[in-house]
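Here is the structure we will look at, set down as structure tokens.
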Amino acid sequence: MLKETTTKRVRLLVSCKDRAGIVSAISTFLYNHGANIVQSDQYSTDPIGGMFFMRIEFDLPPKKSSFEKLKEEFIEIAENFYLDWKMSLANQKKKMAIFVSKEDHCLMELLWKWKAGELNVDIPLVISNHTNNQQAVEAYGIPYHYIPVTKDTKQQSEQKAINLIKEANIDFSVLARYMQILSPTFVQAFPHQIINIHHSFLPAFIGANPYAKAFERGVKLIGATAHYVTNDLDEGPIIEQDVLRANHRYSTEQLRVAGRNVERITLARAVQWHINDQVIVYGNKTVVFS
Amino acid sequence: MLKETTTKRVRLLVSCKDRAGIVSAISTFLYNHGANIVQSDQYSTDPIGGMFFMRIEFDLPPKKSSFEKLKEEFIEIAENFYLDWKMSLANQKKKMAIFVSKEDHCLMELLWKWKAGELNVDIPLVISNHTNNQQAVEAYGIPYHYIPVTKDTKQQSEQKAINLIKEANIDFSVLARYMQILSPTFVQAFPHQIINIHHSFLPAFIGANPYAKAFERGVKLIGATAHYVTNDLDEGPIIEQDVLRANHRYSTEQLRVAGRNVERITLARAVQWHINDQVIVYGNKTVVFS
Amino acid sequence: MLKETTTKRVRLLVSCKDRAGIVSAISTFLYNHGANIVQSDQYSTDPIGGMFFMRIEFDLPPKKSSFEKLKEEFIEIAENFYLDWKMSLANQKKKMAIFVSKEDHCLMELLWKWKAGELNVDIPLVISNHTNNQQAVEAYGIPYHYIPVTKDTKQQSEQKAINLIKEANIDFSVLARYMQILSPTFVQAFPHQIINIHHSFLPAFIGANPYAKAFERGVKLIGATAHYVTNDLDEGPIIEQDVLRANHRYSTEQLRVAGRNVERITLARAVQWHINDQVIVYGNKTVVFS
Amino acid sequence: MLKETTTKRVRLLVSCKDRAGIVSAISTFLYNHGANIVQSDQYSTDPIGGMFFMRIEFDLPPKKSSFEKLKEEFIEIAENFYLDWKMSLANQKKKMAIFVSKEDHCLMELLWKWKAGELNVDIPLVISNHTNNQQAVEAYGIPYHYIPVTKDTKQQSEQKAINLIKEANIDFSVLARYMQILSPTFVQAFPHQIINIHHSFLPAFIGANPYAKAFERGVKLIGATAHYVTNDLDEGPIIEQDVLRANHRYSTEQLRVAGRNVERITLARAVQWHINDQVIVYGNKTVVFS
């Protein structure tokens, strides 16, 4: 009964064709259910015939089951306005899986921020095709699944990973410098549920060895891109990008080392937004309410 | 009758004590008046007992006088919720005065952006205590008022400026590197209507010669701060700040030259937000819906 | 005789195969000629078998013709070490031509910085395929040459421009949003003497309409690239790049407007470095001693 | 004898009154000793009567004891030009002590970068007035010394720390969010050997609770400053500074959490430069050859 004495913070994500009355209908619905809107963002690609996106955070009074009831009753509005929508309790932690290969900087960034309380998730498992990060991950009390990948075993290995994800009820996965390309089967099983960090400022330097390519081209900034994984390599919806200044003194290896800093920061920001339901995918782009 | 055929974009700024139902009441009011919300931002310092701030952009259907009627009828809601509010037509240009001394970089940035159509204002006059920028300003077709300031004439000079501002129905003034300290009389006549650019990252290096102080201290970044002018020198509500990397090679003079770039960009951004009704002052701070 | 009473600041740029003794030989040569080194930068791609690059600024005592004598006598060292080199007086202004089409932001940035004394060049002429910037340029006292370009007249038009450049002894040209692709004939006539600003973070969005492409791809940063023009479109040696944060709210047009800020700043920085002999091209890259 | 087959990378730092012939004398000396200069930076506050600073990296041929001999013979030049100087082998790791209190983000950043091979140091010990980071530090194989500090025991505690530093032959210490003010005795024992990270953009928000002060002032950027510790609190020579964008939505606590990112990055950069002998202190400023 203790739970009932505190307010419940709820997040509502909405996308639909824009038309008059949506904000009014939703905010009145919430008001009539005793909700207090504490944050609201919206965006319309075009008020006439465009798409409408909204994110609302609101507090529900501490009555029993008010959230479930609210969710159920929202369906009517959703149907009237043909809404795509998602409603979730802010304090209900998502389950995040991390995939990693040898390089540990993105992994450690996520684990450190998680332990510091900055990432409001559970991390039931880490999957890797290498063993070198096992000890560090287990020191955080997180199970580490070593699933080697070879040409011949790729399909079986992926199936193992899929099984692990499904058994653990994973909400989304992060490829924290996981140097294997996922098969269409894998990707389609988890639409907009896999976040990758690519070590370049996309669409520059798609594919392998972006730092070598950046060195060749003589760019003066290097970047990183966090995006949802689709079947087009490095072409999925971009969540976040950032850059770092470089110059002629940087070798490919030094670009790689410097780039770690922008990779881990960019990825952590994207993961944070995903966790907080701040990202809506539409077409091959994202709306990020940050 | 032509005017009636296009929709009217309206901006509404609201601040009040936070309580449930505000968003619902306002959005329903707008819906009932045929308005279509195209952009909405809100912020609450604390859902319980805090302050609530909202900015809404909406489109009114192209009926005659619908804006005035709406504004009048909004008073009832405003009184119910004890709102501070402001409603304005987006296409109705504000009148901006610019004050400048010798250095022209902030002045030229504003004039160039204005001419390029980036700043949706009228500029009825420029006031200066020097003559060196007269030709450049008049080339833009803007009247230039030379009002020299000496210790003895300061009061009279200010009165002249005040008269000019009032006669021209100026909405707000920009001190684009105007190197005179305005008297309390002047400042109080135009609350939150005067934007200054200070050439440091406030609160560092308050007062005169910030670049000399920055050089002395050996800072590795220099900054600029755009803020509303109050009677406490360089202590008014900050609208925008930005910085630029420096190093040991920079002399005071070189910091001053490099600093121009960050000054003009920071000021232009703040002025842009003010023009678009994106800034709400509360206490000695600002909420910027950007 | 007045000239002889002040020291002469000289800049020396050197590139060659790296081998021991270069710095020693050059600095001893300078010392023996009474020069005082005030700034020196060097870079080696690899101490063993790599390329060596150096930029030295030094002061010569105020004796008559010491610079010419020094230059002549330096040839011996240059031959010993197989140096590519360039020696110039810092106070001898380069002659810069500006090419522009309709958009004026890069043009105005350069003109303003030139007038403010930030760019130590002469600007004998501006060439444009449009007339809309004529008045603004002439207000700065700079001749404006309107050379329209059509498919049929392209070759003749280019020849006119080449003649103007040669007659005016132009040292380098800046394409300040000049929306014509120069022919190989033109480009080869002025190797590493033409600086272009491309409105994207190269190699992303090569070619036309980069802002439309950036909008399509949903990038979270937009950029600009200043580079030397070669015959491979947008593939020449990069001098400088910078970026600006964007988000889902930006339309293509808004990206274009926001992008102006990063374009003009990036171009001005590259031009500044070129003027100050801070750039050495090697292969398809640049060494920038900044 | 294996050691003799590889070249030795040496770093030379020099400061002195500027006068003609320094670069020539030093580079000729190095050439005569078979050294190959691979990197050289210099800076003069003023060629006439100013201070001269230089950093040279050079490779020595793989002969036995060539470094010690070179160092000894350099004394003559140093005396001729009244040089302050330091010559060290690049591959000889400095010994770094870390002081930390409760917050672990700066500590973990340094440890992670050290383990990743990015920081070329030994870390013989971590000292803390709390125990909460003991396990994490020991997991890296580094001894953790818990030295509680109270008003009464402050002097004894400091003496313990001093003893530990001296016994371990520590070259420099890093205060990685160590929330105790060191006594003048301590500070004077290690001049320019203690690096602190202050969680503000100095000189703004000197002293305690900078994030609370930043919140109060309503700044739009928050910063961090890495500096050498002197007896004037937060007034020592600044090595590096950086900032992060904030806005009205950030509470003091959120500024504190966001600020961690800029603190750890700024500190790591300063520590990196110190390790690589890239920093020269003069007066209350630093020359950073980066």
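As written, the chain order gives the labels A, B, C and D, with residue 1 at the start of each chain.
The definition used in the following text is that a contact is a pair of C-beta atoms (placed from the backbone, for glycine too) under 8 Å apart; a residue touches a chain by one contact, two chains touch by 3 or more.
Everything quoted here is computed from the prediction, not taken from an experiment.
Engineer: Work out which chains are contact partners of both chain B and chain C.
Structural biologist: Neighbours common to chain B and chain C are A, D.
Engineer: Of all the other chains, whose mean CA position lies farthest from chain D?
Structural biologist: B
Engineer: For the interfaces B-D and A-B, which has the higher count of C-beta pairs in contact?
Structural biologist: Contact tally favours B-D.
Engineer: At what distance in angstrom does the C-alpha mean of chain D lie from that of chain B?
Structural biologist: The mean C-alpha positions of chain B and chain D differ by 42 Å.
Engineer: Would you mind pulling out the distance in Å between where the CA atoms of chain A average out and where those of chain B do?
Structural biologist: 37
Engineer: For chain D, what residues touch not just one other chain but two or more?
Structural biologist: Touching at least two other chains: 43.
Engineer: What residues on chain D touch chain B, complex-wise?
Structural biologist: Of all residues in chain D, those touching chain B are 43, 201-205, 217-221, 223, 237-243, 247-249, 284-288, 290.
Engineer: Contact residues on chain B for chain A in the complex?
Structural biologist: 18-25, 27-28, 30-31, 34-44, 47, 59
Engineer: Across the complex, what residues on chain A touch chain D?
Structural biologist: Contacts found on chain A: 104-105, 108, 112, 116, 118, 139, 257, 260-261, 265.
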